[in-house]
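The same chain A turns up in both complexes below, where it pairs with chain B and then with chain C.
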Partner chain A sequence: MSHFDVEVLFSENQPSKAVLRLVGSLDAFALSQIEKRIQTLIRDEQKIKLVVDCGKLKFISSPGLGLFLGTLNELEKRGGKLIFSQVIHPDVNDAMSCLGFFDIFQAYNSEEEAYRHLDD
Partner chain B sequence: MKRRQLLKEKQEFLKKLYIEEHLLPESTPKIPGLYFDSYYQSAQEVGGDYFDFIEIDERYLGIVVADVSGKGLESSMLMSIVCHALRSQAGLSLSPREVIDETEGLLLPKLGQNHFVTLFYAILDRKKMTLKCSNAGHPPLLVGNRITGKTHWVRPKGVALGLSRFQRITVREECEVSLNPGDFLFFYTDGVTEARNSDDDCFGRKRLETFFSETSREKIQIIHELKTELENFAEGAPQQDDVTAVYLERCA
Partner chain C sequence: MNTEQNYPEEMKIFCDTECLEKVRDFVRSQAIAAGLPQKEIGKLVLAADEASSNIVKHAYRFQSGHNIYVSWKENNNQAVIEIRDESDQPYLPEGSDFDLDTKLKYRHVSGYGHYMLDQLVDDVHYETTPGSHNKISLIKFLNPDAAPKEKPKKKDAKKQLAFSLNGVLSLANHLAQERHPDILVKMYLYGLMGLFSSYPISILIPKGKSEPFYMAGQVGLSSKILPSEIHIPRYGWLPERLRIGKGPLLAHSLKSQGIQEEEMSVIDKIRAALVVPVFLRDHLTAIVCLGPKKNKECFSETDVNITQMITVHTLLLWERALEKQVKKNP
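Then we have the complex of A and B:
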């Protein structure tokens, strides 16, 4: 069974911004785990701005990619945002660039850089 | 739990039946000087692959390989929409980019926000022995020559169907590939390259390229041997995604 984990971080005084650090393989089995976390975040903070850090992500399935498309759609409607950082694993980077994700999503080399661009 | 399992099995059975009965072509095209082969294996959990050969007229043949994100019956229904939308557009234009763009226009109102479709569409010109290709977020086409064993990737740029809803400025590219004697094309879905073993490693495009650079195989064995290669690689790990492969070779 492949491993997947997601860590959600908030900085003090900034409840409308969060960083999601993805670790392992976001396959079909792991999908509901992150889907629920994202739904809770949007429910608690309608205009939330998210950095999704992929520095430790080694695989992402099609439904996983679909989840981020759906989330972007939801957040843009509400005035929120979703930015990626560290899409470095070749398989993950390839899956995203193949679909044209980088024409749609902003992506930065580091979590800090992405976080700074949440207010652009 | 037992009931849920039975329902799931029933849904998967219906999905497989629906795709195989209604969407997949009954046979590969018979064109003098060309050899076609194909392989399709539905997965239990996710996926919605399909491929098709569209007879545009006596000169042009459309070839499409597509993959709908999503699960079970839902993805099969979406695939049915893509299949019929593409068929309805294929006869109207000899520009694969235009056909893809128009198909997306028909599909968008039906596409859920977590869904997208990747699709590679090529139009074979039987007279000139060329293919005009365009792409919507699909993995690149593998092109090679059976005599030299040389291979390269053809990757026209283009976002997946569904991503145009975000209204960023994106333009899909179009390119042309010549089919000389001994040349082959391999269309596939990511179920091939993302087949995983128990260590969670993907089969990947590098292994696919290495497989196709081997020149000693008989053409009728290629798809069968690729299937065996994927099974050996997976070492019994469950197949997570549909696998689709279409092979086309110009006989030497």
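Then we have the complex of A and C:
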């Protein structure tokens, strides 16, 4: 399987927030891995303010981009938020730009900076 | 990524969870060898992934055990990536009315692949041979300075389909008049995959031996064109077996198959003695109906063949029209 992994971090002091660190290539086959994790986070663990860190993401295609749009939709209904950080790989940046993602999502240079802006 | 791997010009890739990565690696290696700038390589790799994903998803339904063929050719300042499957499921892009702003506004989760393809490469061609294979060709100019300043304009799909339907009319007219003048042919076409509305769009009715077929209404219009005695809310009016079955259905033989009375009444209502549902990608796109023969005889094998021929031609026209559908540029 093409290498993809997602690491989820959250602290008990910030019950509504979580950080998802994406690693590798998020293609159509890898989608289910993160899809289920996000659903669990939102519905079961009530995390509605998410930072998606793309510092180690090398590739993303339209199914992955669509997933984040759908997630944003769900979060917004619950008063939540989804912010990207470290969209540094040119191919990832180009893919997101292609769909005009940066008109919809906020993106910050670091995970910490993005985390701070979750309460804006 | 192994950029030094010596890939052949065509690669056969087994459809499994790694196949997209293999496609990306293949295209990346070829693009590097062709001397494309890094930014353009990334776009090509993404485009190849999108095209392959669509084949895996729509043609193979994520089922393993199939092959995908990816080839790289260079000619006339163009790199042409061809991605081919062996699926008998026709695969063609959906919808010509793509509106990125609306999709983003309503946070649609899917349907971006074809738009992205159009943005990422200089041209995209779709080719479908029903029952055999589908092929997507991605074209990229190797030297962007030598490329045409504007992308080649694609023909308007609706106009193309309307034009092509004249061909079906001629064919059906010829068959009905020259070979079987006593058959009434009705054809119900359905909006397909967003190209048109999801309601029936046209009815083609031969008026008899001396009169030509005519198209009631125009392609793309709504159900206003339907005759009042036929109420068709989408295709829910069809008996279940017609929606599921993909072969011709002979009404006169249905009684012996234990057809339900209500099903028979529907068939009577549309006055069809022989119905051929036309499926494309599991969407019911059209129904070709032959009315009762004036001589009251049952339909023969030849009659069925005629209907199937019309059906196949209709299907091909849909495919061609979809192939040429226009993608709006932002």
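Methods note: the second predicted complex is superposed on the first by the 115 of 120 C-alpha atoms of A that agree within 3 Å, B and C clash if a C-alpha of one lies under 4 Å from a C-alpha of the other, contacts with A are read in each partner's own complex, and residues count from 1 in each chain.
Quick note on the criterion: a residue touches a chain if its C-beta (ideal position, glycine included) is under 8 Å from a C-beta of that chain, and two chains touch if they have at least 3 such contacts.
Just so we're clear, the structure is a prediction, and the values are computed from it rather than from any experiment.
A.B. asks: Put the two structures on top of each other at chain A: do chain B and chain C fit, or clash?
C.D. replies: The answer is clash.
A.B. asks: Contacts for A:Ala95 in the overlay, against chain B (first) and chain C (second): which applies, first, second, both or neither?
C.D. replies: Touch partners of A:Ala95: chain B and chain C.
A.B. asks: For A:Ile42 in the superposed arrangement: first (chain B), second (chain C), both or neither?
C.D. replies: It touches nothing on chain B or chain C.
A.B. asks: State whether A:Val8 touches chain B only (first), chain C only (second), both chains, or neither.
C.D. replies: neither
A.B. asks: Would you sort A:Val23 into first (chain B), second (chain C), both or neither based on which partner it touches?
C.D. replies: So A:Val23 meets neither chain B nor chain C here.
A.B. asks: Is A:Phe59 in contact with chain B, with chain C, with both, or with neither (first, second, both, neither)?
C.D. replies: In the superposed model, A:Phe59 contacts both chain B and chain C.
A.B. asks: State the stretch of chain C that overlaps chain B in the combined model; pick it from 58-66, 220-228 or 238-246.
C.D. replies: Of the stretches 58-66, 220-228 or 238-246 of chain C, only 58-66 runs into chain B after superposition.
A.B. asks: Mind sorting out which residues of chain A both chain B and chain C touch, each in its own complex?
C.D. replies: Comparing the two interfaces on chain A, one with chain B and one with chain C, the shared residues are 2, 25, 27-28, 59, 61-63, 65-67, 69-70, 72-73, 91, 95, 98-100, 103-104.
A.B. asks: Which residues of chain A touch chain C in their complex?
C.D. replies: It comes out as residues 1-2, 25, 27-29, 59, 61-63, 65-67, 69-70, 72-73, 90-91, 94-95, 98-100, 103-104.
A.B. asks: Chain A touches which residues of chain C in the complex?
C.D. replies: 17-18, 20-21, 24, 38-39, 42-43, 45-46, 49-50, 53, 56-57, 100, 104, 107-113, 115-116, 119-120
A.B. asks: Looking at the complex, which residues from chain B come into contact with chain A?
C.D. replies: Touching chain A from chain B are residues 45-47, 67, 69-71, 112-116, 118, 137-140, 157-160, 162-163, 165-166, 168, 170, 190, 194, 196, 200, 202, 204, 240-241.
A.B. asks: In the complex of these two chains, what residues of chain A are touching chain B?
C.D. replies: For chain A paired with chain B, touching residues are 2, 25, 27-28, 58-59, 61-63, 65-67, 69-70, 72-74, 76, 91, 95, 98-100, 103-104.
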